[in-house]
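Next come two complexes, and both contain subunit A; in the first it sits with subunit B, in the second with subunit C.
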Partner chain A sequence: AGGAYWVDSQQKRYVPVKGDHVIGIVTAKAGDVFKLDVGGSEQASLSYLAFEGATKRNRPNVQVGDLIYGQFLVANKDMEPEMVCIDSSGRSSGMGLIGQDGFLFKVSLGLIRKLLAPKCEIIQELSQLYPFELVLGMNGRIWVKAKTVQQTLIIVNILEACEYMTAEQRKQALAKLSGN
Partner chain B sequence: MAGEVKTKLSKNLLRMKFMQRGLDSQTKKLLEEEEKKIISEEHWYLDLPDLKEKESFIIEEKSFMPCEDLLYGRMSFKGFNPEIEKLMIQMNSRCKEEEVEVDDKMEADVSDEEMARRQYETLVGTIGKKFLRKRDQRVLQDEDEDGDSNTRPSKKAKKKFLKPQD
Partner chain C sequence: MKATPLSNCERRFLLRAIQERKRLDGRQCYDYRNVRISFGADYGCCIVELGKTRVLAQVSCELVPPKPNRPTEGILFFNLELSPMAAPGFEPGRQSDLLVRLNRLIERCLRNSKCIDTESLCIVAGEKVWQIRLDLHLLNHDGNIIDAASIAGIVALCHFRRPDVSVQGEEVTVYTPEERDPVPLSIHHMPICVSFAFFQQGIYLLVDPSEREERVMDGVLVIAMNKHREICTMQSSGGIMLVKDQVLRCSKITAVKVAEITELIQKALENDQKVRKEGGKFGFAESIPNQKITAFKMESAAVDTNDVEEQAEEIITKAEPPSEVFTTPILHTPGTAQIGEGIENSWGDLEESEGEEAAEEEGESEATAFEWQKMEAEDTSTVVETKRDEPIVVSDSEEEEVVILEPQELPRKTRAQTTPKQETTTKKAFNKRRKKKRAAH
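Let's turn to the complex of A and B:
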């Protein structure tokens, strides 16, 4: 039907929104609940039962400092945000603990939306360079993992610089890299 | 002497139950109404006209996901993480899959409506039989047997006991 209007603005500060997928850092374990830092004004809570295949006896192996990719179940200005790593049908569909290694960094929210657009040239061009894995959180956090530390850092630098580079500059930079 | 001077009883005393047993029903009602008036006058209320709720056809959505049709956030390239690559294909083709499903529905042998109608008819029939009175049930059975009787004799003939020949 259409008729949707939205205001696109540039901001760095994230406000939790229900349904958004974000990367959170575990800061504390309080009984049956993990506390996650998602870059908002409050820490989000994540129940240990909100993982695929988790039961009271089978707890997920999550430690303080781990990275979690999940979505918001509850997020409004009156309540503490709550996250889950499971979707409505009970499957994890890619959410949960993000593996070891890799590099986490922060960008503006507008860049994330640009990268997640259906036909994003940046992502397409980068995917031609080396094999790597990428997780984009709507809270402005990106996690990258490639085979070597050097490759990882190259991808990180390109993504950070994409904020201010034009398309041509980006293509030049990538051409130099693939030449090397 | 006692009849000349009428002692004045207080209002509270008169309101007590043992004093009211002697009263008529009418006076009782009057007293109740007076009490209600006192109570309702004590309640405060706003002397404003009723506010009408504004009907708004505007739905507020705080997330960006439906606006710009964003992709799924977890990605893997060049086979770095095969599970995530499978996920990417699944997630990102969900939009396209909905279109394909509409076409598939037309190719089924029996359409959904046919299926539903058949099931419903047989279901109604079996449950209807359950609630028939015994006479009707016997009638039904006889009808069934008559219908099958044409085929049965041939079957019955086959099922007769055959004596073993020496």
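Let's turn to the complex of A and C:
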């Protein structure tokens, strides 16, 4: 028999899973390793060399408090989770240090999965409002950057409200905004 | 757990937003978040929600001997606790700076302002007085704990009823709530704290900071005032240097805010009183709404139905006629009919053992027998004659060849409903031919 079962759940507390792409906040630099907060019970470790094009001489310019988008290499309940910013072929494929501007906020895990679904309506409708950059972490963290502070705030508030809004309410809200 | 660190980009963004006079939730600089007060079933129990910050307050009383240096006064005891469910950084049993500061503020606001008449709490001087205990629990931390806590505290104290007491000479009688209605505390005024967060060395000022704003602020000024514009306590923390004008401006803003909040409190207390008197339902089960993500509650909106008919007719005339729908089933053989087009079997290659095959045969025969019964119920006009030897392909599945069981006889004229028991006995007379492609063979 066989077959995969997908159980959908609703929660806000993240548990690290191998292969998940998450946004981490750098809390410490210890020797050869960065310590990142990913929202789990333990901090994840990220090696200096796990970036694209990083060598012992050419270290990435990462400070405490910066945002990193990476994936879990090791994540189980017995060990400290480990992250990397390169995939198996050594390319970064979008991972690495996230830019200085923009805003980070937290939503529930269910909403993230909804947004990551292919052809997500919410993202398509929002992209017709203003251009913006968006990074979604499976740990519930979203990073947004738009041209102005006002636009960024609007996108943040709409994404947070999408948790509880029906599609109709969302369309109405966006219609009002694009009318302005 | 360790508290979530604040990232650099959040800090930068928040400070930029504040410079542009924008707040995360769209408020103005001097706006408060929504204050919601709900009462529990017991007297003296309430929950105050200031935006998403939630504080639970409970007042209780006990008869104790008074303090030796104050024999004619009752005792007040205040306790604020930061529950670990409020924020990941809060741990039980750890006395943090924040906790000490908040407790001190609550004490100064409620005790030193003498808002509660402690002399009225005395029953027998030097022997028995009431000890009133106020417990505040923080349930969710989204900034500005002190404001929410002070509102919850004073509301709970106003809501509380203590047992009635009568003293006759040496005898003291404490009546139960059933014997005599409990009596409210004697409260002179309602002090309420208002917080001001300062940014960029005092240039920018925000009232009622949220949790993110509190993380990036330089310092905070808390002013406790009542509606008579009397300042009960004032505290500035964070080491910011404040100018006289700023402090005066803050106190003016406080007066306005306190007036609004006091009015809200009065209304809430009156509402609760009315509901209890009229015998209606009260308590948290009624006042705190069920917040379900899956339950979308939409308020009914009035719909203008004046030209609905015209619109509907317009739509109908403009629409294309519906595609032909085949309502009659196609009868392959007596016993099996097909309605619509079948789709491929999407269960994948099912490997079956010998035992399962037998069960499946039974299952399939039952299924076709049921279809036969369905067929009997429908009045079919056309009957397709098929050769018995030919296998009839029903589904497009490449994995199996499904062969339809052929009954030997079909009573066409009698329309009596065959019972399921009859079906099973006639099954045994069926010829079964089954061919199955098996990967193993």
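As a working rule, the second predicted complex is superposed on the first by the 178 of 180 C-alpha atoms of A that agree within 3 Å, B and C clash if a C-alpha of one lies under 4 Å from a C-alpha of the other, contacts with A are read in each partner's own complex, and residues count from 1 in each chain.
Heads up, the rule we're going with is that contacts are C-beta pairs under 8 Å (C-beta built on N, C-alpha and C of every residue); 3 or more make two chains touch, one makes a residue touch a chain.
Quantities reported herein were computed from a predicted structural model and do not represent experimental measurements.
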Worksheet item: In the superposed arrangement, does A:116 touch subunit B (first), subunit C (second), both or neither?
Response: first
Worksheet item: Which holds for A:41: it touches subunit B only (first), subunit C only (second), both, or neither?
Response: second
Worksheet item: So, A:94: does it touch subunit B (first), subunit C (second), both, or neither?
Response: first
Worksheet item: When the two structures are overlaid on chain A, which partner does A:163 contact: first (subunit B), second (subunit C), both, or neither?
Response: second
Discussion item. Touch test for A:151: subunit B only (first), subunit C only (second), both, or neither?
Written reply: neither
Discussion item. Touching residues of subunit B toward subunit A in the complex: what are they?
Written reply: 61-81, 84, 87, 91
Fill in: subunit A to subunit B touching residues, read off their complex
4, 6, 17-21, 69, 93-94, 113, 116-118, 120, 123, 126-127, 130-138, 145-147
Worksheet item: In the complex of these two chains, what residues of subunit A are touching subunit C?
Response: 1-3, 10, 25, 27, 37, 39, 41, 43, 63, 65-67, 98-104, 110, 143, 149-150, 152-153, 156-157, 163-164, 166
Worksheet item: Inside the complex, what are the residues of subunit C that reach subunit A?
Response: 1-2, 4-13, 16-17, 20, 22, 24-26, 293, 296, 298, 348, 350
